[in-house]
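Shared between the two complexes below is subunit A, which has subunit B as its partner in the first and subunit C in the second.
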Partner chain A sequence: MLATLDRRTLLKAALVFVIAAIGFVAVVTLGGGAEAASADPEVATTAATTAAGGNILLQNLFNGVVFGLLLALASVGLSLIYGTTGLSNFAHGEMVTFGAMITFFLATQQPVSLPLLPFSFTVGLPLIPAALIGISISAGFGWLQDKVIWSQLRRRRVAMVQQMIVSIGLSLALVNLIQWWIGGRPVRLTTSIDPRNQYGPISVGNVTLMSMAIAIVALLGVAYFLQRTRLGRATRAVSDNPALASASGIKVDSIIRIVWVMAAGLAALGGILLALYQQGIGFDDGTQLLLLMFAAVTLGGLGHPYGALVGSLIIGIVAEVSTVWLPPDLKFATALGILIVVLLFRPQGILGKSERVG
Partner chain B sequence: MTDHPVILDADDLIAGYLPGINILNGCSMEVREGELIGIIGPNGAGKSTFLKALFGLVPVRDGSVTLAGEDITNLRADQLVKRGVGFVPQTNNVFPSLTIEENLEMGAYQAHKSFKKQMTKIGDLFPVLVERKNQRAGSLSGGERQMVAMARALMMDPQVLLLDEPSAGLSPVRQDETFVRTRDINRTGVTVIMVEQNARRCLQICDRGYVLDQGTSAYTATGQELLKDPKVIELYLGTLGA
Partner chain C sequence: MDILFDVLRTAIAPSTAAFALAAIGLNFHFGLTGLLNMGHAGFMLLGMYGFAISLQAGWPIWLALIAGLVAAGVFALLLGWPTLKLRGDYLAIVTIAAAEMVRFLGRSQSLKDLTGASSGIRGKDFKEPFELLSPFPDRIVEIGPFSLHGSRSSSWWLTVVTWSLVFLFAAIYWRLASSPWGRVLKGIREDEDAVRSLGKNVYSYKMQALVIGGMIGALGGITWSLGNSVQPDSMGRPTTFWIWTLLLLGGAATVFGPVLGSILFWSALTLVKSVASALIPSDVLAPTELEPFSLVLVGVTLMLLVVFRPQGVLGNKKELAFNG
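Up next, the complex of A and B:
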């Protein structure tokens, strides 16, 4: 994977990120210091020293990586769909919630009814089989969506903005459907508590460690697929130039169908791991994640599959680390602020390449 | 070549992009196996549209295209590739983020088992592409891209290769190279149909030329005949010998 990514580009990307991060920290520290200085210079210095202490910083950095990895699972699919079809899929957030909710339905010991059915079910599967079935059902839902809606719209040459508005409608429909089905309160996939262990300065539960490992394996799997399999290389070809891919004999519609299945499955996996990580998931958690996914995809380089990964990690890390100095309510705003700063320096995103014209 | 069997036959094609507006108003062409055909004509005559209609990229409203006697009108691109038709678009003719090797692999997508064998064959025609196979196609110059595009279209061993203005945007030296290469490809037994703005150079290497005017194939003759034809000289070639 690294061999084919241009090293110089990576280096430049890292440099931009470091400069952006330093700039950000400087602004925040100086800004905060200036504000406090007017009140009491001595107190301000002490506060800054303790707040910026190694423990909190490292812990938040770690949390950021965890969140970034989970975000990446969701946004890789969004990026692949954008790359191959040009669609900004606003209903992708609901795919995240949908996967988690199906898993909840299969795993919970409480009776849950299905929409419009008068009886309730208690499936009560163990978490792992429930999650696997949940991911499969979500992937099937991705297949169905493309078959029934998106491939039809593409065939009739419906323009992108119109398709995007369809996806906004679908997003609203799905989020309300999920709320009607599961209700307004967050649900938990498991009742057991994940005790936190201390590793040096970082405290983390085993479930979270396991989630990280699963996310990393899944993301490496995607990279392997795109780089080392014929189908994956064809997917990148379709991303690059669908008309030429078709003229080369690639069945573009089948590739897009595969991308939808993968994207939906990955989003579901992301939703399930997110539900475990934040110990519960509400009907609109995915919807709220959508903006961060778009930000991550744009930051990394629109349509670039590894861009989504890099962008997600940056968004996750910036959001979590910013809470060391700023109120937690502002963490996503800061992450989106970084997006603007990076785009000012690299309009094509971090891994996006500015191609020659003609 | 007149004794060779007809491989591609376009009969009275009527086609266009927008509903109700026809760009082609009855274009016909008969191509024999192994021929190198040049399509020339003024801007807006429908040269590129004709080529795209042959490859199913512009919907054909009336008329038919047959390949070795089999009807291929309006078939999907992947079906045409399978039947042995290759197409090189004028612009956007490589996958910029893929390496040269990956570009060529995409050309052999339907016959991936013969990819290695085809690579060696391509190495004979375009040695530079095999030397630089790990370079991203997006970093190549226009002329190099044209090479990748042609090589990609040759990976499936097509019977008929359609080239849309292969010399467009290239420097004179690169243009010459492209024409020589096209001739070389044709000599390996591939029937080539090329659309060209550079009518003189095109007719010099062509077995036969078709002159298109206002969406109809006005007339056809051998390349040498067309080069001397007073009407063609006046309309498309400017002065004799220039």
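Up next, the complex of A and C:
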């Protein structure tokens, strides 16, 4: 699919990006104007941080890239699932939290327990084996989900909208199950503090750098899988046209099963890295992240495997950079605003084929 | 016996009626037109913000009511404009995103003077004009096994008002759904292209349904806030999903489906919680775990309902809005 990324598509992408940037600036100016009108002390602090100049902008840009990469890791799976099955999976955010929580469960030195079991115990593995086991368990959970729920629904030919509502129900059940299991307070995967080093204008911790490297390797791995391996090509074929793929001898159902396993594993990895990056994860962080993932995937082009990456980077950068001008508690609102603006001008997303989607 | 009274009390509570009202609004969207509005709580929240903020600014109550409804109507227009021409799941993603944006904005510190940020607007700051209208006495009144305050908060007065509104809007739904206008909407739900080829302006019809349903949702939000308070975090995504569950439980595209669904949903939730806290020892299920436990059940119910009985209790299998 990289071959189809010709100059015209790139040009279009650039155009959309410019439009989004203009929209963003407009939002910022309007928001800024409204803020200036209400003379409360917070405006003064915002102005002060802006006055500190380019450093903060660069730092936020960098944070945005980090966040965007982690978001991409989480949302690639969402996009692959949409591409191969047509399902907007609202329970994908919980897969992110689940990955981080199972790692916490395995790695923490505190006593933990399971729902409905009245005793508690400690597993206390080191972080890296715990993370690997956590990712495997999550991938297994993805396999189980497809086996028990989604493949059955596909076989019964349940309408896509119904499946979407099923995923919403699943999301509600899972997020509360996780709250029941781990509790309402955010948890940390490690107790050690990550010292920040200064590289030029940017300060960053070692763990964050490692997370970035892992995320990039994982994303390159996905790209290699899709581009170069037989299974990856089959996945893209299913994504393009399931009926045709099936007719040419591809086992559509097992491809979808693999996509679910991969999506769940990647989401878990994203969750673990996110928990390290944010220094803690709460039971509903994945649920909060889901909307940004949808924004990223829609922005990049629903179902387009590389769309998730492009969209995630834009969403990550917009969310972090907006905090230079806007109050930080509005950063997700800004990112979601961008989604709505883009849908107005380019509903098929940046990399999506231009087609009628109504 | 206590459990039974608790359940009955929940069944007639004003907040049950408020959710029934919101579900009637969603029924206009989903049941009648097949629109996937996943941000209904956003409409409710905007309605209650409009209402409470205008009352705080000293507007008369009828004007505040209109302000709340207009806020939700404008929100519907803004949402519908980019998305109603697109496939259904785009509307779902955009409505859920927009509802979250409303919540984020409402709880943002920068709007603290207006919305009270994350602590919201306290009941006593805006409820008084409504409570002054009450014809009931200003004390606890006992009717049969139920004792409620005459006019304050979740009062007899609010109970009467909310349930009257529920039946009024159920009647309006019934009339509109069988009118020529409603039949066009049902046509859009069944086959949009067929309706378009008859020369109807599908976009405009969908927009009308979105605005009307959103306004009814806002009314549901306003009545809910009169029994509780304006609290952005109580109108998050779970609230939208509850409304979906109870609408599908009662039966989408039916007149009494939302009402029955709301009563069944909240009664069942109270029943489950009371039975669980009475029977399961607290070292297996601590009191703080009851809430997530019952919400897990809600999620599972929603999944099972959609797969095995998408028409709900009252619905007709032929009249289904799942044409995605």
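The criterion applied here is as follows: the second predicted complex is superposed on the first by the 318 of 358 C-alpha atoms of A that agree within 3 Å, B and C clash if a C-alpha of one lies under 4 Å from a C-alpha of the other, contacts with A are read in each partner's own complex, and residues count from 1 in each chain.
As a working rule, a residue touches a chain if its C-beta (ideal position, glycine included) is under 8 Å from a C-beta of that chain, and two chains touch if they have at least 3 such contacts.
Just so we're clear, the structure is a prediction, and the values are computed from it rather than from any experiment.
Set side by side, subunit B and subunit C differ in how many residues of subunit A they touch, and the one touching more is C. Contacts of A:D240 after superposition: subunit B is touched, whereas subunit C is not reached. When the shared chain is aligned, subunit B comes close enough to touch A:I250, but subunit C does not. Judged by the touch definition given at the top, the superposed model places A:P347 against subunit C, while subunit B stays out of reach. In the superposition on chain A, the residues of subunit A contacted by subunit B and by subunit C overlap at 358.
Listed in rising order, the residues of subunit A touching subunit C in the complex are 35, 38, 40, 42, 88, 115-118, 149, 153, 156, 158-162, 164-166, 168-174, 176-177, 179-180, 184, 287, 291, 294-295, 298, 327, 329-330, 332-333, 336-337, 339-340, 343-344, 347, 357-358. Remark: subunit C residues 36, 38, 81-83, 85-90, 92-94, 96-98, 100-101, 104-105, 107-110, 112-113, 237-238, 241, 244-245, 248, 283-285, 288-289, 291-293, 295-296, 298-303, 306-307, 310, 321-324 touch subunit A in the complex. Only residues 55, 57, 76-78, 81-82, 87, 89, 91-99, 102, 105-107, 109-110, 112, 134, 136, 138, 142, 152-153, 156, 169 of subunit B touch subunit A when the two sit together in their complex. Subunit A makes touch with subunit B in their complex at residues 4, 6, 230, 233-234, 236-237, 239-241, 243-251, 353, 355-356, 358.
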